[in-house]
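For reference, the structures are reproduced in the following blocks.
One chain, subunit A, appears in both complexes that follow, with subunit B as partner in the first and subunit C in the second.
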Partner chain A sequence: MREKIAIGLAIAAAGLLAYDLYQIFLVLPDEAMQGAIYRIIFFHVPAAITGMIGYFVALTLSVLYLSSGKLRWDSLAASVVEVSVIFSVVNIVTGSIWARVIWGIWWTWDYRLTSALVCVLIFSGYLMMRRAIDEPTQRARLSSALCIFGCVDVVIVWKSIEWFRNNHPGPVLSIRTGGGTIDPAMERMIYFNLIALLLMAAALVLVRTRQEATAREIDSLRRLANAA
Partner chain B sequence: MPGVQTPGSSHVRPLPAMIGSVRQALSVARKDLAIELRTKESLNAAGAFAIAILLLLSFVFDVTSEETRNIAGGLLWLVFAFAGALVFNRGFARELPNECLDALLASPLSRASLLIGKAIANLAMLLVVEFVSLIVFGIFYDIRWWLHPGELAAAFVLATWGISVVGAVFGALTVNLRLRELMLPVIIYPLLIPLLIAAIEITNLLFSAQPSQADQLLWGRLLIVFDVVFTALALLLADTILIT
Partner chain C sequence: MDPRNFTFMFYGFLAAWLIVLLYVISLARRGARLKKELEDVRQLVSSAQSGEAARLEDRVR
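Our next item is the complex of A and B:
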């Protein structure tokens, strides 16, 4: 059943992405100031939002694990973090490409860039710690604690670096600005691509969760064999 | 131990029980500091490391330049953060031989008190390292760090408490890991970034003759928020973090 859902989500994501790519590259015009490179925003912003949603979903799943003790919440949290880290890396890489073209540099220590990098570092630590613990219950408890600390820290990091320095372009989506900063057709495409990336993330999480469950099964069989 | 409670209990307690928990935490801190005073393993290592790094930094830039004063806070807090990792690594690891950690967890001591006691011991040890480093730094780099002693002491205690709590929590989380010494810095440094930014900014301000009150308040508030949030999380998750 889960595999069928994953395949369904992947097909829906692929179909929507194909439509979005057609619209982004062949229908929408170049932006007046930036030219063609502005199109990177259709991947950069949705990837950032998908990553952020993922971290807070992982926080919820970690709390669920700690309150219920069911290992499937932990497997799901680990899968969500892994997929979210990938989307955060996509966000950073696309942002760097845009910055190279528009600002002439690959990187600047702006608050959003720095916060995104800190997120990747915190949750890479989470993934590395998981690999260093063999016992599944201990791994789940410690990972859940780290995930909660990490998510809370992300909020403080965001605020502190915003006070420290800020030269990133301001928000563009009308839910943040009240409208007037972006053409409605372009904004619609950002939302369409966000849905496509969220569907893709959900499909990847389901595949990854299946792998986690298999790994747990193999691990318990190995323990059983060792005990025998 | 005073204020005996059920192991692992983390409910909101009435005042006398809270005082009991504080006493338990202080007992743990006293025990750790007594061991440290006998062996001096963490203090010697962290102190020597801090001074070696301060010496090495003199080869990185011109020590007589005005620029040194502008980056003094950054240099100091990087040294303290790195030295701190040496202290935190030992915090729970010293309880591993002879199953001392299991004995502590099986004792009537609450886990929150154990964690906070370790954080208090970390705080005391790091403050000693920081004080020695500050004197050495002032001599090596001609920094007048005594201009605002009260504010500087308050900022150092607030920032060091945040580092100590995070160090105690993740020292406990990683104590049984194969790669403990490697994992601890990988996990704690990204988490400490907001605290280190605030500590660096406020230290730079306090090294200047007339620091801005508004900026001190801004960064001071961030230090307090970090301390309160992470101490509360440590207390809430103590039973999850400290497992046999």
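Our next item is the complex of A and C:
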């Protein structure tokens, strides 16, 4: 059943992405100041939002684990974090390529970029730590604590373009600005791509969660074999 | 229009898809490895359990 849902989500994501790519490349015009390179925003921004949503979902799951002690919440949190890190990396890499053209540099240590990099490093550390700890309960408890700590940085990433002066552009989505900063057709495409990436992320999380369940089964069978 | 714009836009989209593709490949490989590991451990458990059963039978005799 879970595999069928994952396949359904992946097909829906692929269909929506095909439509989005058609719109992005063949329908929407170049941006007046930036030219063609602005199209990177259609993956850069949705990838960032997908990653952030994922981290907050993982935060909720970590709190659920700490309050209930059920390991399946921890497994789900780990799956969500792993997929979110991938989307955060997509966000940073695409942003860096955009910056090379618009700013003339690949990277600058401003608040937004630095906090986003720190966020990827924290959650990469989360995934590495999980590999280093064999005992499931200890692993889950420490991972949940680190996830909650990491989400503080996610809030800094999110709000840094409002709190600090940055090289990074300020908020553009009308949900944050009240409108007037981006063409409605372009903004709509950002949301369409966000839905596509969220569907893709959900499919990946389902696959990853299945693997976590298999790993838990292997672990319990190993203990059974040792006991026998 | 600066032609570098198109080149870098292509790099951006290529990088985004490449990262996702590499992750999907790693996920598929990990899934296959776990499946094989699960089969191996199941065999190990069944052989361990049959060995234990044989020992118990010996003790009863």
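The criterion applied here is as follows: the second predicted complex is superposed on the first by the 216 of 228 C-alpha atoms of A that agree within 3 Å, B and C clash if a C-alpha of one lies under 4 Å from a C-alpha of the other, contacts with A are read in each partner's own complex, and residues count from 1 in each chain.
One rule holds in what follows: contacts are C-beta pairs under 8 Å (C-beta built on N, C-alpha and C of every residue); 3 or more make two chains touch, one makes a residue touch a chain.
Small disclaimer: the values here were computed from a predicted structure and weren't measured.
By the touch criterion defined above, A:Ala18 reaches neither subunit B nor subunit C.
Contact with neither subunit B nor subunit C is seen for A:Ile7 once the two complexes are overlaid on the shared chain. Judged by the touch definition given at the top, the superposed model places A:Thr94 against subunit C, while subunit B stays out of reach.
Of the two partner chains placed by the overlay, only subunit B lies in contact with A:Leu121; subunit C stays clear of it. Applying the stated contact rule after C-alpha superposition, one finds that A:Ala185 touches neither subunit B nor subunit C. Across the complex, subunit B is touched by residues 66, 118, 121-122, 124-125, 128-129, 132-133, 138, 141-142, 144-146, 148-150, 152-153, 156-157, 159-161, 163-164 of subunit A. Every residue of subunit A that touches subunit C in the complex is listed here, in rising order: 30, 34-37, 39-40, 43-44, 47, 86, 89-90, 93-94, 97-98, 100-101, 200, 204, 207-208, 210-211, 214-215, 217-218, 221-222, 224-225, 228. Contact residues on subunit B toward subunit A in their complex (touch as defined above): 166, 169-170, 173-174, 176-179, 183, 186-187, 189-191, 193-194, 197-198, 201, 218, 222, 225-226, 229-230, 233, 237, 240-241, 243. Within the complex formed with subunit A, the residues of subunit C that make contact are 1-2, 4-6, 8-9, 11-13, 15-16, 19-20, 23-24, 27, 30-31, 34-35, 37-38, 41-42, 44-45, 48-49, 51-52.
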